[in-house]
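One chain, chain A, appears in both complexes that follow, with chain B as partner in the first and chain C in the second.
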Partner chain A sequence: MTIASAPARRRAGKRGGLDRPAATGHRRSGFRPAGYAWILPALVLSVGLIYYSIGYTGYISTLSWNGTSPDPTQVGLHNFTQLFSDHVFWLAAQHTIISFVATFVIQTVLGVVLAVMLHSRPWAGVLYKIVLFVPVVLAPAITAPVFRQIFAANGPLNALLQHVGLGAIAVPWLAQPGTSLMAIIAISIWQWTGMTFILYYAAMGQIDPEVLEAAELDGAGNVRKLVSIVWPSLRGTTIALLTLSAIGSLKTFDIPWLVTVGGPDYSTEFFGTMIYRQSIILSQVGYGAAISVMVILLALVMGVAINVRPWRSRAAAGAS
Partner chain B sequence: MFAIRSTRSRVILQIVLTIIVVPFLLPLIAMVSGSLAGEGWGNYTTVLSVPELPLFFRNSAIIAAATIAIVYAVTMAGAFGFSKLHVRAKELYFWMLLATLTLPEAVLLAPLFATATALNIYNTYWAVILPMAALQVPFAVLLARNFMNGIPDELLAAARIDGAGSVKIFWYIMLPLTKPIGAAIVVFTLIGAWNDYLLPLVFLVDPTTQTITQLPQFFVGEFNQDQTKVLASAVITAIPEIVAYLCLQRSFERGLTAGALR
Partner chain C sequence: MVRSLCIRNALRLATVVAAGTLTATALAACGSSTPAQVGSATSGNITWWGWTPQTNVGQQYIAAFNKQYPNIKVTYKQVATASYDAAIKPALASSVGPDVFDMAPGGGIGSVQLYSGSAVDLAPVVKAKVGPNWKSDIAPIGLKGLTVNGKVDALSVGSTYAGSIWINPGLFSKAGVTPPKTLDQWISDCKTFASKGITCFEQGAGDNGFNQDMLHAIADSIHPGLWSEAVAGKAKWTNPDLVKAMTVFKSMFSDGIFQKGALGVQQYPDVNNDFLAGKTAMVMMGTWYMQYSTADGAAAAVSAAGVSGAKPFPMVAIPFPSITSANNPAPLFGDADYGVAVNVKSKQQKAAETFVTWLGTNAKAQQVVADSLNDISSLKSVAPDWSSIKVVDQSTQEAALKTLIASTSNVSEARLGDVGTALGQAIGDALQAVGTGQQTPSAAMAQLQSSSGQ
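For the complex of A and B:
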């Protein structure tokens, strides 16, 4: 995934304090010593360990194995046929898609709006930035107990709702299948909006102020500037964030596991929680590996889709 | 950037901003006030007097430090090779590395578990450090390579004419020039390692090796579901993270703007 495009490289060069036009990295400039020894550690560690694990997972997925017995049984593709008829797997897929769309849309809107507002020099802007970003650095494992309490039937959220006269919608959020996924999505948004915000905030800082001044002289108002100048120039950031949220949604584990354990009745089950439940809790390691194989395939398809994306060249053109 | 001229629109801006941001603050307030319910500060003295508590922090610190050291060394060398040196089929290797970016750590559980048991490193720091570093390296290499691409080749060619070999160039030119992105990589790796939950959950089994992300779970057992103590332990674990963020805020934001995600 080449998230950074040519303009980014140019900017990186400027930031490094070097006044030459950069991006000469790929051009052969005469003699170049061999670099195998330099990239070897990275390849052995990451490519080695991860590809080895993927291969091993593929093998385990053909077994009926509890993880410890010395002689697992070969079952061929049985785990996969079982998986395709397992409604929990399809639920997990559905939850992944719903939470990806919901978190991405809401975070993008919030991120852009907040970045615009904080670029408008409000009073005590730094404090707002800190409040937004603290959730990003806190481990979900640390904040999960708080959210279990907040969303509890007699928790602070429902107390607040009753206080403002909305007692009718006060429900045990985490204890019923209809609302538990909403709660999990809300927690993800709480956790990650700061990241979206900070990236948009940084990207907006790169917009040439002269362009905005010129637009202003031509009579453009704030809304006009946002729609015609700011938003188009954020395109690269939006695509990068789209990529990150898509990957992130496949990785979802901590929040649903710690807050609802994937329940009630699998209503907050994701691929990660399902793999963990099957492989570790239920000792169905072969079945867990089959789910892993499907997730790896999904990740692969997504990676390819992102890289052959038709908008890539347009985005590069739009960003420069 | 946006012109807010009248006092009225300034006040409106402030109010709308506050309305959006307050929900982000409320859970943090709920955490602190929940931790002070019941016995008040007594919750904290109880939690702090649990003898295992320092162990969790020590373990997290060791794991984070080792992960950072490995990721930094491997990434900088790798990015130098990918950016500035001759490697045949370089792009292929680079793509193989980047492909791993999309993988959730959950899919590695079964093979890593089997391997860790076979190698006898189950319930040791290494069982967490190695996969964690392996998962962090690809993104770090992507950041560092993009940054290094911005360093002009002429600079290296000049050093080479003066007789410097690759090692010297790496040590005396690349490392000093890549400090901004290096700092960002350290911060990213720190957050990733410190906050990781799944790998320690699976590979570390008792307080002598477990990390701070296992603390709430440990206290649920220790204090028999006494929520106030669990929240007090959450606050105690959150404080170092918030302090670290406030100290490293600049490197973090600079790293993001250093050409990473655009």
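For the complex of A and C:
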């Protein structure tokens, strides 16, 4: 927000509004000197800390270094060539893609459905909102051991499945490569659906009720209103969540590390766990930095791909 | 107007970039080290970080130290095992890290190979304080693992040995079985436990370190000494006896010894908590578990683990069951459990050296170490004072503990000290691949041989 100078205010008063063009006919510049004073501290911190760290990571990725030795060895792009031939890297990429698609789709469906239900103003709706959002604020360090117990071979989940006659699918979820990733994805969905719900709930609140009433008068049912009016209006929110999910999947670490340590046999390995394992446990800091650089590049590519103009045009159309 | 606007915008941009560059430069300067300040040898405030001992045991050591050096205040911070390397690495790189920190042999947690450069050479320090023959009373296995290229990076506080099985005798009585002496009896006992709804044996198979201990013990039972030869590169990992050991490890998942879902379980905290809570009849832990033989130690561990309603029970260690009919003696293997090192950047280096030397070489200090039962004393001349140790059940546990400690005096095989980081990871990968069924034992050992670079 900018504060207009006194001459600008006088000019505005004569012409009846700040939004009218200046007498010269040129568009007024959007930059105000006072704006930089407000954002400079955060900008300095951002440039100084974040981008310096990114640059330094890029430098470390060209080293063979254990993180403590005073004499790292310069190896150029060797870490990157090693990365592309590392089957664990490709496993992590595969798990990231699967996790991204599964969590985004399921969280979107659940978020929209829950938001629609709560927009119908049920009894104790506030309580439902709180319950849905609580997992978002719980620390993974607390939830991870709990979920390790829940998904244990003799844990409560399997006890419930056996109780309802589904004992055939009561497996040791975290001990098998085929089911461990599913368990991690389930935990992520449990944790973040509340965030999706809140954002969709807020976005739905912006839809003009008269549009929905008009559709109802024209004979549209709930499903038709949801598909033809509500969903298109949520496109902007969906794109934002798509971007967040993509970046979130790339930096997944806490849940897979705390629950399964990336195992068994790398079946829940993600880029984040791989970076941690290489940098901290194996003290291959240069190699870990190379993986980090790849993650940054992938995040940039995904961010650009998701936010390209065609998507934005449709989002603008949907919002209008 | 337009030109002046462009100049103003350019100036603003230049200001931002300059500010950012200055900040970046300042941040880079923050990382530079400051010269160590030595301080006094008899007074000062020092900090000690370690993944072990437990906080209450650490406080015992400090209290005993302060009887002799009341003016050196030691603050001990126990860092979770899984977080230790992530915490200590940046701390040692900074100028505000701990004065004293734990190190361990081998390439695992607190690796002496990794942190050697951050530690003061303690050989001249100890020689000056204790005398030229200081090494003669130190157990060699403790000294060897913490010495790199002739530099004594840390002083062993005590040694630990793995290869034993700890049991809950109460559960054995309840099931009506006796502790297993052979693999066949182990399988049979587990069937009986299962029929009674009791967990027979728990393995945190999601934890490669303890899987390695299991494989090592099996290998030693089949062919004593072969494991160490393979680690040293003098034998191949594809040796038939090592492949057999891996095959036995794999069979433990299917023949009822390992609990269902073992690969999704961690030794700490899951298996540890279940055993201390009295839910499991057997676990494979080492001599560090002796500390839970005492009433205080067990109660503290159960409380720290957050297990409610559990009561200490008289746990005892038994030899590892014989895997073959050759009935080879049950193997133990071990190293220094951990050593304490002095940070080269410590501003209280003299006080830190006093504490470290005291803890590693002083008989009174080592008596405290021995009596806490966390480690086997690093001094040959020190043994636990059983008159001052209160175990849960003196009649059953004291004799078993004495037998266990006596059996460590002949151990020469290292547990972790000769296994580097990369080899440890390769062994872990092989164990996980076999445990999940992704590879056969022979294929896994072939890949291990290939990865070992030997």
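Convention: the second predicted complex is superposed on the first by the 281 of 320 C-alpha atoms of A that agree within 3 Å, B and C clash if a C-alpha of one lies under 4 Å from a C-alpha of the other, contacts with A are read in each partner's own complex, and residues count from 1 in each chain.
One rule holds in what follows: a residue touches a chain if its C-beta (ideal position, glycine included) is under 8 Å from a C-beta of that chain, and two chains touch if they have at least 3 such contacts.
Note that the structure is a prediction, hence the values are computed from the model and not measured.
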item	value
Which of chain B and chain C A:167 touches, first, second, both or neither	neither
Contacts of A:216 with chain B and chain C, given as first, second, both or neither	first
When both partners are placed on the shared chain, which of chain B and chain C touches more of chain A	B
First, second, both or neither for A:43, with chain B first and chain C second	both
First (chain B), second (chain C), both or neither touched by A:236	first
Which of chain B and chain C A:280 touches, first, second, both or neither	both
First, second, both or neither for A:52, with chain B first and chain C second	both
First, second, both or neither for A:145, with chain B first and chain C second	both
First, second, both or neither for A:70, with chain B first and chain C second	second
Which superposed partner A:260 touches (first chain B, second chain C, both, neither)	second
Chain B and chain C contact sites that coincide on chain A, given as residue numbers	24, 26, 29, 31, 33, 36, 43, 45, 47, 49, 51-52, 67, 145, 276, 280
Partner chain C, residues of chain A touching it in the complex	24, 26, 29, 31, 33, 36, 40, 43-45, 47-49, 51-52, 66-70, 145, 148, 151-154, 172-177, 180, 260-261, 263-267, 276, 280-283
Chain A residues within the chain B interface of the complex	1-5, 7-16, 18, 20, 22-27, 29-39, 41-43, 45-47, 49-54, 56-57, 60, 67, 110, 113-114, 116-123, 128, 130-147, 149-150, 156, 190, 193-194, 198-199, 202-207, 209, 212, 216, 222, 225-226, 230, 236-237, 240-241, 244, 247, 250-251, 253-254, 258, 271-272, 275-276, 279-280, 285, 288-289, 292-293, 295-296, 299-300, 302-303, 319
Contact set on chain C toward chain A in their complex	1-2, 5, 8-9, 12, 15-17, 19-20, 22-24, 26-28, 85-86, 89, 92-93, 111, 114-115, 117-118, 205-207, 259-266, 269-270, 421-422, 425, 429, 432-433, 435-436, 438
Chain A-facing residues of chain B, complex	1-4, 10, 13-14, 16-17, 20-21, 23-25, 27-28, 30-31, 34, 70, 73-75, 77-78, 80-87, 90, 93, 96-115, 130-131, 133-135, 137-138, 141-142, 146-155, 157, 160, 165-166, 170, 177, 180-181, 191, 194-198, 202, 212-217, 220, 227, 230-231, 234, 237-238, 241-242, 244-246, 249, 253, 256-262
